[in-house]
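Here subunit A shows up in two complexes: once beside subunit B, once beside subunit C.
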Partner chain A sequence: MRKFKRIATYTFLSIAALVSIFPFLWMLVSMTNKSVDVTKGRLLPGTHLFENFKVLFESVDMLTALVNSTIIAVITTFLTLLIGSLAGYGFEIYRSPGKDRIFNILLLSMMIPFAAIMIPLYRLFGGISSSMPFLGIDTLAAAILPTIITAFFIFFFRQNTKMFAKDLVEAGRIDGLSELGIFFRIYLPTMKTTYAAAAIIAFMNSWNNYLWPLVVLQSPENQTIPLLISNLGAGYSPDYGVIMAAIVIATLPTAIVFFIMQKHFVEGMMGSVKG
Partner chain B sequence: MSKVLKRASLPTASKKSIGRRFKNNYIGWLFILIAAAGISLFYFYPMIRALLLSFQSGMGSNLEYVGLDNYIRLFSDPTFIAALSNTFIYLLVQVPVMIILALFFSVLLNDATLKFKGFFRTAIFLPCVTSLVAYAVIFKYLFGVDGLINQFLLDLSIISEPLNWLSDPVLAKITIIVAITWRWTGYNMIFYLSALQNVDRSMYEAAKIDGASSFQQFFYITVPMLKPIILFTSIISTIGTLQLFDEVMNITNGGPGNATLSISMYIYNLSFEYSPDFGYAATVSYVIVILIVLLSLIQFKVAGDDK
Partner chain C sequence: MKYFQYRKTWLLMLTVVTFLVLAACSSDDANSNADGGEEPDKITAWAWDPHFNIAALEIAKEAYSEDINLEIIENAQDDIVQKLNTGLSSGSMKGMPNIVLIEDQRAQSFLQSYPDAFYPIGEYFNTDDFANYKLAPTSLDGKQYGLPFDTGVTGLFFRTDYLQEAGYTMEDLTNITWQEYIEIGKDVKAKTGKDMISLDPNDLGLIRVMIQSAGSWYVEEDGETVNLVDNEPLRKAFENYKAMIEADFVKANSDWSQFIAAFNSGDVATVPSGNWIAPSIEAEESQAGKWAVAPIPRLNMDGAVNASNQGGSSFYVLDIPGKEKAAEFLADTFGSNSDFYQDLVLDVGALGTYSPAADGEAYQAENDYFSGQTVISDFSAWTEEIPSVNYGLHTYAIEDILAAEMQNYLKGKDLDKVLADAQAQAESQLK
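Right, the complex of A and B next:
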């Protein structure tokens, strides 16, 4: 009975692991094959890798999408971390009943579905398109701006600030540092792991974001990677090898970060339940 | 002790330190200013605008107030009713299946004597690193008529001819459910695994001595101990499912007919695919808001029963 249970456990977990990994293996193999071979169900590596990448970068313009996605994700991550950590620190270190009330109100925004604010946001950016063209519809700035301030990151940084030794703030004051100086020179360096976990999540959210860019970015030269993949996938005669190459490029950054910093990655994903 | 000392020293505190405290309080507000302003501008203000919009109707930007007309229209709009019932089917089938699977995996992986634990955990978590659009496109191809799933089932003689996964109303829903479950089970599992580490092992030892079976241990120890985290993950999953968009858009495009259409996708279509009716789209979006609030409250109530 015991032995049977053991075998059942391993069989079950092995199937689960195989099902989880299979789509990854399939996309890696398919990116090296011709489209015809992919539809035939070929599961062995082929020799078409170079051609697929050539098509992807020459006729589909993956490069533009790659550059746009990188610009958006890097700026978004930087600003999200800066604003989120300033606020999380502010709420915890300068705690007051008034701020706690505001904190709770801000947390309510986590319940707001994006679909509900998408239309007013679209109209908001549409309205400023003529007076401020650099910030209107179909600009990278419009794709970035509404995504950089989220209650989740304020909450995340506040929770982690609870573990920050507050004596260090007093020590900084005695040393004559300004309040902002304490934040940048004491808090920021000691909270490196928190920033790392937050950066992973912020980057991933931005890199994979689909609905808002779909709504706000319209011209091909502003296309991001998810938009490009979605367009390729919706085509009537899809070139599977090329699409798989695009999907691998889209997945690579998050997969690499996951394997190098697995601990931070998982920590970041679970951030909201800590404390 | 230190509190007493602080209180005692307050009356003699110099003007300078009172000034400093006032100044720090003021600086504290500056720290949270950008975040509070940003969330007001990009979340609360649009919510109010959407509420106002939901009482208006018209094409594009020619809107006029029509009172509750949009809300009345909901009840006789077959597409909305289809989107709503699809979303409920996703909720009622996908969320429980995923949570039970995730719990099951986490219990198996929590066994200290299990080998290759790290490998299994990493493998099951791996789907979480994919972007929703990327995995949706992969699933679209896997479940195509000549896709690998059909080939596999044909090879095993489970089916005699290829199934139309994406063009049959029931199979298309199943495809969406399978896809979401693949993507999110590992994510939920990680929460349960970390919660299980805090469960005292001696409780299981005691249960074993009393002759409790594995199933009894699961239902009488594991589930009750993990209740708060199960509640948390089911709320997160519910909110996620109510907002389902990327998968439906990229796997089935809402079809066949409207058999897989989600509420979020209907809002998108109303605003950007059909001739734009922002007012009615905002009304539909408020249905999601109301559902999120209601379902979260219900889940809290159900979980808080025995308190």
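Right, the complex of A and C next:
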């Protein structure tokens, strides 16, 4: 009976694993096939891998898009973490009247879909363009700025700060550390797992962000990876083998970031649930 | 007292937030107009599909008699729609291109929603040189805004080997009605086992092709009045569609790649579609010599012709600095250069709607893939016959409603009720 249970469990788990891994497998296999074979649903690896990559790098500027995406994702992740954690820390540690109300308003802002604020935002950046072209439409800065302050990360850090021993703050004060010193020398090192989890989420969000970069970035030299992939699939007769090759390249960085920080990620998420 | 203080904070916060929102919305009117005078040193153009529209623009750039610093920017069609809508409705023309390609069936919604954003270019070229059906969707209130580009003229692509096996020749498929098409389809399925057609249940493109061949659309000629319940061509198109499904020769697809796979893998015998599908058919080299193109079937009613349209787009110039340069460029190439159109056909396979070009040599060329048929010349002749309709503003919104009702109809709901319900829903939604 116990043996049967084990078999059943493993069969179920194997099927579940296969279902979740199949899209990746299909992506890897398709990248080696001709477009015609991809549309026919061929599941065997083909011989078209190098041809697909050759066409990809000849037809689009993959490198520029990769560099742009990396710049945007890294800066966004850094600033999001910095601002989100400072705010979350502040909300939890300091006492001030009405802070919970402000926090609730912040949470409410999570419910406004981005599409609703996109047009005013575009108008805003259109206005900035005249006086400060380096921040205006069609600059990487414009793609970064609206995404670095999110209620989600402030919430995320506040929840995790609840687990942070407040006595350490007092200890720091007694030993003469400044408030910022307490944050950077005590809080930051103890909350490493939280930062790791937040970094993965922020990086993935930024790397995959489509709508705002689409609207605000105009010239090809500012294009990001998701925009480039969208263009590849836009023709009357798209080359699916090439698209798959591009998607594999686009998936790699997030996969790498995830695998490096996997352990911290799980711990960090557990923390936020417990908190 | 404390309660009162909280209320005050609330009020203060609300005021600040409201003020910020208002300030953000109304700040830059002066700015967006202030940069009106400067001539930019380069002209930008947005289009989609590197093998088709982008390639056409590249050829135009080379064919242009003067020097132009033209930057062609590739964006997916849906992306262009999104970007234009955001940019134009924000009122800030920053980042907008000089030239933009818009699909004909969407053009009116842009022209009517943002009347000041586009620059009329009717004076730059002779509109009489273009196929008549292209002019209605590209103009508004008597002003010509678009320069007509490619035709979406439809044809009935079919597998000669399958049809021959079932006992049909090109002649049997020429100038037929959709009812005859369905009868042939049943026969082909019985004799060869192959499906006749591949359809996506969520895409009523074929319905549009059918009704335009009878000079009808989802809206009346004013482009706004919803015209579904008393629309005889639409009724007939629905009946044909159901008859196809019931004849059991439809291979369902759920997206573009499956649609292409259906004919690339040899599963279907015919593809009634816009001429732009040809490169996708030709991509399967093993089927060379096995395809031919007949005129699209027509609806079985008076006034219906064996010619229709699916897709097709035109170039528009935005009313921003550089507009004259952009208009002159378009007029000199797409608007009047016959030789340029020969290059377009030869190098890109793009078939324009510029009538004088049809006499050129390239249009008469035989296509080996289609067993030596003069495909371009045929398409060009059919283009002249396409009935002109006003696509209006709401093609895709109405089609979403119709697609849902179509499913009800296929499940057995009465056709009168189907169209009446769709009409009522469309009217209330589009008010």
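Operating definition for what follows: the second predicted complex is superposed on the first by the 233 of 275 C-alpha atoms of A that agree within 3 Å, B and C clash if a C-alpha of one lies under 4 Å from a C-alpha of the other, contacts with A are read in each partner's own complex, and residues count from 1 in each chain.
Please note the rule applied: a contact is a pair of C-beta atoms (placed from the backbone, for glycine too) under 8 Å apart; a residue touches a chain by one contact, two chains touch by 3 or more.
Values in this document were obtained by computation on a predicted structure and should not be read as measured data.
Colleague: Judging by the criteria at the top, classify the pair subunit B and subunit C on subunit A as clash or fit.
Modeller: Because the two structures are overlaid on the shared chain, the partners are seen to clash.
Colleague: In the superposed arrangement, does A:G235 touch subunit B (first), subunit C (second), both or neither?
Modeller: It touches subunit C, and subunit B stays clear.
Colleague: Return first, second, both or neither, reflecting whether A:F152 touches subunit B, subunit C, both chains, or no partner chain.
Modeller: So A:F152 meets neither subunit B nor subunit C here.
Colleague: Identify the partner contact of A:F203: answer first if only subunit B is touched, second if only subunit C is, both if each is, neither if none is.
Modeller: In the superposition, A:F203 contacts neither subunit B nor subunit C.
Colleague: I'd like to know which partner A:F53 touches here: subunit B for first, subunit C for second, both or neither.
Modeller: Neither partner.
Colleague: Taking the superposition as given, does A:Y122 touch the first partner, subunit B, the second, subunit C, both, or neither?
Modeller: both
Colleague: Just checking: does A:G84 make contact with subunit B only, subunit C only, both, or neither of them? Give me first, second, both or neither.
Modeller: In the superposed model, A:G84 contacts subunit B only, not subunit C.
Colleague: May I ask you to decide whether A:F164 touches subunit B, subunit C, both, or neither, giving the answer as first, second, both or neither?
Modeller: A:F164: touches no partner chain.
Colleague: Residues of subunit A touched by subunit B versus by subunit C: which partner has the larger set?
Modeller: Of the two chains, more subunit A residues are contacted by B.
Colleague: Applying the document's definition of touch, where does A:P97 land relative to subunit B and subunit C: first, second, both, or neither?
Modeller: After superposition on chain A, A:P97 lies in contact with subunit C alone.
Colleague: Counting only touches as set out at the top, which of subunit B and subunit C does A:S130 meet: first, second, both, neither?
Modeller: So A:S130 only meets subunit C here.
Colleague: With the two complexes overlaid, spot the stretch of subunit C among 79-87, 151-159 or 277-285 whose C-alpha atoms clash with subunit B.
Modeller: Answer for the clashing stretch of subunit C: 79-87.
Colleague: Residues on subunit A in contact with subunit B in one complex and with subunit C in the other?
Modeller: After superposing on chain A, subunit A residues 38-39, 41, 102, 118-120, 122-124, 211, 214-215, 230, 233-234, 240 contact both subunit B and subunit C.
Colleague: Taking the touch rule as given, give the residues of subunit C at its contact with subunit A in the complex, in rising order.
Modeller: Result: residues 5-6, 9-10, 13, 17, 21, 24-25, 27-28, 31-32, 34-35, 44, 48-52, 71, 73-79, 82-83, 86-87, 89-95, 97, 256-258, 260-261, 264-265, 276-277, 279-280, 283-284 of subunit C touch subunit A.
Colleague: What part of subunit A is in contact with subunit C in the complex they form?
Modeller: Against subunit C, subunit A makes touches at 35-36, 38-41, 59, 97-98, 101-102, 105, 118-120, 122-127, 129-131, 136-138, 211, 214-216, 218-220, 227, 230-231, 233-238, 240.
Colleague: Contact residues on subunit A for subunit B in the complex?
Modeller: Residues of subunit A touching subunit B: 5, 9, 12-13, 16-17, 19-21, 23-24, 26-27, 38-39, 41, 83-84, 86-87, 89-91, 93-94, 96, 99, 102, 106, 109, 111-124, 145-146, 148-151, 154, 179-180, 183, 204, 207-208, 210-211, 214-215, 225-226, 229-230, 232-234, 240, 243, 247, 250-251, 254-255, 258, 262, 266, 269-270, 273.
Colleague: Could you pull out which subunit B residues touch subunit A in their complex?
Modeller: 24-25, 27-32, 34-36, 38-39, 42-47, 49-50, 53, 61, 105, 108-109, 111, 114, 119-120, 122-142, 146, 148, 151, 182, 186-187, 190-191, 194, 214, 229, 232, 239, 242-243, 245-246, 249-250, 253, 263-264, 267-268, 271-272, 278, 281-282, 285-286, 288-289, 292-293, 296
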